[in-house]
Amino acid sequence: MNLSSVLEEIESDARQYIGRGMVADYIPALARVPADKFGMAVHTAKGQTFNVGDSAEAFSIQSISKVFSLMLAMRIADDERLWNRVGREPSGNAFNSLVQLEHEKGIPRNPFINAGAIVVIDALISVLDEAKDCFLDYARRLSGDSSIGFDEDVARSEYEHGYINFALANFMKAHDNIENSLDLVLDAYFHHCSLAMSCEQLARAFLPLANDGFSPVIADSVLTDRQSRQINSLMLTCGLYDAVGRFAYRVGLPAKSGVGGGIVAIVPNEMTIAVWAPELDENGNSVVGTRALELFAQITGRSIF
Amino acid sequence: MNLSSVLEEIESDARQYIGRGMVADYIPALARVPADKFGMAVHTAKGQTFNVGDSAEAFSIQSISKVFSLMLAMRIADDERLWNRVGREPSGNAFNSLVQLEHEKGIPRNPFINAGAIVVIDALISVLDEAKDCFLDYARRLSGDSSIGFDEDVARSEYEHGYINFALANFMKAHDNIENSLDLVLDAYFHHCSLAMSCEQLARAFLPLANDGFSPVIADSVLTDRQSRQINSLMLTCGLYDAVGRFAYRVGLPAKSGVGGGIVAIVPNEMTIAVWAPELDENGNSVVGTRALELFAQITGRSIF
Amino acid sequence: MNLSSVLEEIESDARQYIGRGMVADYIPALARVPADKFGMAVHTAKGQTFNVGDSAEAFSIQSISKVFSLMLAMRIADDERLWNRVGREPSGNAFNSLVQLEHEKGIPRNPFINAGAIVVIDALISVLDEAKDCFLDYARRLSGDSSIGFDEDVARSEYEHGYINFALANFMKAHDNIENSLDLVLDAYFHHCSLAMSCEQLARAFLPLANDGFSPVIADSVLTDRQSRQINSLMLTCGLYDAVGRFAYRVGLPAKSGVGGGIVAIVPNEMTIAVWAPELDENGNSVVGTRALELFAQITGRSIF
Amino acid sequence: MNLSSVLEEIESDARQYIGRGMVADYIPALARVPADKFGMAVHTAKGQTFNVGDSAEAFSIQSISKVFSLMLAMRIADDERLWNRVGREPSGNAFNSLVQLEHEKGIPRNPFINAGAIVVIDALISVLDEAKDCFLDYARRLSGDSSIGFDEDVARSEYEHGYINFALANFMKAHDNIENSLDLVLDAYFHHCSLAMSCEQLARAFLPLANDGFSPVIADSVLTDRQSRQINSLMLTCGLYDAVGRFAYRVGLPAKSGVGGGIVAIVPNEMTIAVWAPELDENGNSVVGTRALELFAQITGRSIF
């Protein structure tokens, strides 16, 4: 199968879905991204790359960064301690997170909802001196590109409008589930989310999850093969907000989305796929990106099921 | 790899976990099952079978039957209509179902929680004349064994103690999400749950899900390959109550459990695994069965991730 | 002050509010009541009566009957046992009761929500041989009118459409908070609700609550003075669904409403007021009736605060 | 009736309940208050005062201050606007406020839960230049004692441990229900709560609520008679956390409690009663104080019902 022509076919079909969603508008920096952007990149474990559309253009990866935070934390933080502080279950709750956090006394359901990622980042800060810099360095090494960086405008804007995240963090602090100062933790959180990367960079950076933990970019393992499978399982069960079940039903691949319109999916042992299209559905996932991944799975016959 | 010796190794390890859970005791028929039962059966898509322990002994499959109900419904009921009446998302809620059913106005989160299975069965009754008999016949054909049957004692006992299920069904009826009479629907529901099958029979009956929808027993497809993958995705995201995330993290295979202590797991395109051990953890899943499947995945290296 | 002219003034003002609410339409027997009915009756502890409008016309008292059930239960059932089975707190939850019932393991918040009244009636059935007849007899004696009766059409219709009440009762049965058969309890519940009474009959029947427990109709105490105050306190904190706070703020009197459009209010030690106007607000309370009582409180200066 | 001897009788009975509750310990300043303190003061509308025990000793009035905040806001803030931002219904929810705040999109249920009082204080800040000073001045004038003041240790300690309140305020800010800076609003909130007053001062300061809004201390009305009744109604339906129903049932008077162990109750048109005993029940209300008020109501026959 020629993946180049597959990607072209997908772009042409998926672009027809532009106009069916809404670009995130809770901060100006996201709201002004053109709605008709579309990029897609595939990177195989064997080293091949395929791209289409705006695949080289950087966008705000937002919650996709939660996977990097977790990868780093599973590498350097105490595993048992981490999983005592954050669950591994889908949140399963459309109307959501504060409710659940209260019922479960400050323990977030999983590391991919905001509250969970805040705990993961808090755990990183507890073991790293310059956690924010280390994280950026980690993302650069994974993608083999030292030019990627935080978008300070986005980070500042998120910070200024981030009342819900402050509410979540304060609530967890009240339940002794945040170890460091809230300002420090939330500053790091908003910076992680602000990371600007392209589909090509994302596809490359996620390769360890399609390669038993080995990063061909770094030429070293960044996770054990078991950890790699574990993170894939968390992406499958918790990676797409309250649409994980339908995404698994339609696409059948582990994936993580962000409100910037990006989604990264994994075909275990084979390849990574990054797609970007800014319009979101009512669950906060890229409409066109979801369609593109569904088509990719159908055409190539890839599915973990 | 010799699966026979793998199963023996697993039995010997897993049996050490006996005593860490509690046998379901809400009806007498389940409460009197000996806690130290352990059976396991593997059936490959290519026709090989491997068994250990009490693998030939029939037990109450309980919620595992929900997979058969769904397989049948996806075959004969209107697909779009079905998914308008029941969701495809993990319930994600330890304290559970009535709450969620109220928030979502009578639409259950997925077909594997009680409320969802009741809707699926209602859909079957709407299109089948003798739904209960058809269901039994379907299970017999899938397993190639006409001796299997409902356990009328269990069915009656469930009916007599099934106030929560009556509450769920009445609530959905109030929201116009049950089409047939409650007595008819719940009688069928309790009978489905009462089905008595052995690990060997279950492993055989689930083969279509490891075989692109094709049943080697019937020598025909009972699902399309796509439907087969879709059901596997639902098992992965919704098959183990509020422990789906941790099960996927530990075991990494689509599976469905029942409070009788059974769990059936799928290695897509390769094999089915049925395990039975009556003691349950706090989420209602077999303690020893979960451990056995975790070991199986580790030793054989099987995982969808 | 001339209460006759006060009532006339109120009728003329309150009638202007007709058209702002919706007549209950979940059963045909309620839906066909003309929206422009308006009746009001005052009965003083000293024996005077004042009436206006359709005050002699019987209507379905619905939840107002919950006060009679409680009065009878406080008289004949074990007090401590009763209050272990039902709470005394406002439900405070617009989207309600099943959720709360689940959180509180089958203990309803108070005796004036459906679940709570079902428990009260179950308690009556446990101590009375012919509970339904006793209840009717009690209502007749309180109002001094042996002609009042159940509306069998309403009772049957409620029974046939009462899925939510069946759900509540089944849920409580699952938590061992219903002692008798569900059919018996719910049949009694729907009959209590179906009681047809006029404003004049209601004002008379409620006199014990404005008279330290003494019924001038029966010429005997039916409650102790303390019980009378306790029931008034429950009406104030729990008598108007999720609008108790605003009703107390606007009207300032203990009261109980029903979806038939009736409201009975108490001026302790002085008088009872019954009003009827079928259109309901979004909380299920009579729009015109609430306005009429607010005016009554303002004009007469009556308020418990 | 001789109220002096009534108070002595009450003290002697109520003190037997010492040891049945727990002193609030979430901040050191509260935790170190001796558990056996007991004071009670009555002030009649006609000018008589009666005291017993530690009635002259200042304690942290905590949530009792919410009544002063509301009295001031009803006097100077726009009424309609205020009640659009905060409800008037009992919260009715043991497990509490963040959940409800999320369901109701940032609108607190009533002005006496923390979230509601934060909104009331925000409204004061929007119309007053030096809101904190104005509030202190208001409390001083009401009690006729310029020596009362904030306890800065308590205020600072609450601020430092006030993560839940910060969570609530951030959540409401996210829903545009806080107009001023969070730091300013919460600083004021924690200061209001830190107000140190004695039973005697409290009984005097609350006189307007027993006197149609007229303060004999100031010799002027601080509320209309209607506002006075409205605040009393809010105290009755919302003044005792999730125990309003049982308190009304047992005591039958409008009241407001604080976690410092104080409770102030109103006998409309007649007198105020302030009681203080630090040990709290599971709802956060003074055990001994509740008992003392129940006795007071029984012995004197006072009840609004």
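Note that the chains are named A, B, C and D in the order they appear, and that numbering of residues resets to 1 at the start of each chain.
Keep in mind that, in the parts below, contacts are C-beta pairs under 8 Å (C-beta built on N, C-alpha and C of every residue); 3 or more make two chains touch, one makes a residue touch a chain.
Predicted model only: the values in this text are computed from it and were never measured.
*Asks:* Name whichever of C-D and A-D has more C-beta pairs touching across its two chains.
*Replies:* C-D
*Asks:* Where the centre means the average of the CA atoms, what chain is farthest from chain D?
*Replies:* B
*Asks:* Please work out the Cα centroid separation of chain C and chain D, and write it as a whole number of Å.
*Replies:* Computed value for the inter-centroid distance: 32 Å.
*Asks:* Between chain A and chain D, what distance separates the C-alpha centroids? Give it in angstrom.
*Replies:* Inter-chain centre distance comes to 47 Å.
*Asks:* Give the residues of chain C that touch two or more other chains, as numbers and ranges in rising order.
*Replies:* 95, 103
*Asks:* Taking chains as nodes and touches as edges, what kind of graph is this: line, ring, star, complete or other?
*Replies:* ring
*Asks:* Using the touch definition from the top, list the residues of chain C that touch chain B in their complex.
*Replies:* 95-96, 98-99, 101-103, 163-164, 166-168, 170-171, 173-174
*Asks:* Of all residues in chain B, which touch chain A in the complex?
*Replies:* 87-95, 103-104, 109-110, 228-230, 232-234, 236-238, 242-246, 248-249, 252, 254, 268, 303-305
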